[in-house]
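Each of the two complexes below includes chain A, the first together with chain B, the second together with chain C.
Entry: the complex of A and B
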């Protein structure tokens, strides 16, 4: 009897879950409290990995969008959409975690006067706009082109989010380096970063598969569909 | 007495951050699974109806 081999994305997802459990255990119960922030610092072990991998997903989306425009293959469009959506999920998490970190450390949940916060929120809005735009375009080729162009445009904000704390005055601290962190703090941070990376890889693979199947069924079902007013059925070409 | 400038407590915020993270990831995984199942059943229905 043939034995089904687990797919790479499933292995990635399982690895992500195991690593997230291990990293969170270390972050919550083993890592020491910080000198000034005390136990509240434990939030960074989920906040920073969410931020890193969210920006990484958007960077992947940027690369996929260029490949989509270059090759016009649907596969790149599916991957662009998947990476944007997973980036948005992590972006929302990083905003909520950030507010939960800001309240006890800064005394406020949110401020519009801080560049890092505003650019992070703008990053969410821009990429959410990509998915909203996509929902309005029926023709797959045109949808792929618009998604790619919107993704490339939205990506302009990603380097701003990363570098704004160096370029402008901000309440948000600058990026830490391995040299500025205690070894006991580095470990949960790194484990959780890889955990979120593996989970994101799994999510992107599944989301791209969903998009591929959606397009397949649309293509099969389209000849039977009633043509929209002013368009030639099945072509997406306006009459 | 705690030294000045040190945050004491805050565990409720820590727990909330981890719960939100876990809930967000689980909900997204569930949403993906549910959407994939839905599209799979659409494919199944279409194949049954049109051979």
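Entry: the complex of A and C
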């Protein structure tokens, strides 16, 4: 049984590409430059959606992980892994965009004084650990259970890390939301937010499908069927 | 080392069924039974440690070596060392915890002792809480040694009241590190490259413990004019509470075969 209907995920992907093109056009050519920061601010039209959807992917992964432990069906494990991976990709994009924004505005690539920059970095480390743990486990059932456990424990840490970093470094400007922005700037950000959401949905569906196929191949090519060096071919008996 | 070497209360029960349970942990997982089972697991770990004492010595020595290395990295300026002392202390605890946590489950891998533990007619939650308590106690014991080393190396000046607060905070930090650490060590001890994996998954998770402990120790040693100590201690306690609860729920799933 396929993890997601290819037709639906393809529609989601195509819609994402069209919306991203439209949102980027509006953000680059129609929206006005910011009074103090000029054109540099246009990066927020992809930066803020990346942040929102990255956190949403982690939230999806948390839900999928609970479903994985509850039902023990492999499809939830595939979706958990896919959601964590897509969340990490968006998280990395977020960090790179943040640094690109920081350089011309603050004159530095990185600062430990910026709560959201540090928080995003820690989120990356937290969920990259989930994938690292997964990569070192061979048994599919155990891998699924441990991935779900690591995802849940990492997600529970998100608010704790956020408040901790905020108290640690309380220096930051107000968070950008559509309410704090000019009307001409709201539209491209909202369009891009939906674009990244649809694209993320597409990526998660495709990645989950890939994981399902990979596991099928692993099941077909069982290690016991592959003769080891020094053993009698195919029997697993030491020579 | 296997369970039969540790003994203490649970010895010999692996061969008996649920109905044949005897000895100090008799009574199943209901009510006081769970507490007795936790006590038995804790006693087994402490006895194992007492008989070998290798883990304790190695962990303490590692913590002191780490403190010495931080001194070399930070330079000889007493002002810099004094300012960095809270961070160095907590980092030494964190690095030592990797050794201690990994070792607490490595011993269970020898002679398939973990399988023996899982076959025992005891609540799997007792295994988690017994192990986590043992690790907390173990890391708490590092406190006095590292504090003395910090006083010598960094010329830390603390009064009697500050020392009492430091001890309480240290125990809280040890509890915060131990709960997720025990859960992860149970998993990574049975994965490939366990030595690499445990810090990779454990360190990012315990960043709140690190930050809160460093801030709180700094406030205890250097004064707290804004009254922030309570907030950081509450964060530390909240973290410990969250992961002691979550660990209890998830541990049986993590160790199931």
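We adopt the following convention: the second predicted complex is superposed on the first by the 197 of 239 C-alpha atoms of A that agree within 3 Å, B and C clash if a C-alpha of one lies under 4 Å from a C-alpha of the other, contacts with A are read in each partner's own complex, and residues count from 1 in each chain.
Throughout what follows, contacts are C-beta pairs under 8 Å (C-beta built on N, C-alpha and C of every residue); 3 or more make two chains touch, one makes a residue touch a chain.
Computed from a predicted model, the values in this text were never measured in an experiment.
Student: For A:59, using the defined touch cut-off, is the partner it touches chain B, chain C, both, or neither? Pick first, second, both or neither.
Tutor: Neither partner.
Student: Output check: A:9 vs chain B and chain C. Expected answer is one of first, second, both, neither. What do you get?
Tutor: A:9: touches no partner chain.
Student: According to the stated criteria, A:137 is in contact with first (chain B), second (chain C), both, or neither; which is it?
Tutor: second
Student: Have a look and say if chain B or chain C is in touch with more residues of chain A.
Tutor: When the residues of chain A touched by each partner are counted, B comes out ahead.
Student: A:203 contacts which: chain B (first), chain C (second), both, neither?
Tutor: first
Student: Look at A:214 in the shared chain and tell me whether it touches chain B only, chain C only, both, or neither; answer first, second, both or neither.
Tutor: A:214: touches chain B, not chain C.
Student: Can you check the complex and tell me which residues of chain B touch chain A?
Tutor: Residue positions touching the partner: 5-11, 13-14, 16-18, 20-21, 24-25, 28-29, 32-33, 35-36, 39-40, 42-43, 46, 50.
Student: Which residues of chain A touch chain B once you look at their complex with the stated criterion?
Tutor: Those residues of chain A that touch chain B are 13, 20, 24, 28, 35-40, 42-43, 46-47, 50, 86, 89, 92-93, 96-97, 100-101, 103-105, 199, 203, 206-207, 209-210, 213-214, 216-217, 220-221.
Student: Chain A touches which residues of chain C in the complex?
Tutor: Contacts found on chain C: 180, 183-184, 187-188, 190-193, 197, 200-201, 203-205, 207-208, 211-212, 215, 231-232, 235, 238-239, 242-243, 246, 250, 253-254, 256.
Student: Give the list of chain A residues in touch with chain C in this complex.
Tutor: 69, 122, 125-126, 128-130, 132-133, 136-138, 142, 145-146, 149-150, 152-154, 156-157, 160-161, 163-165, 167-168
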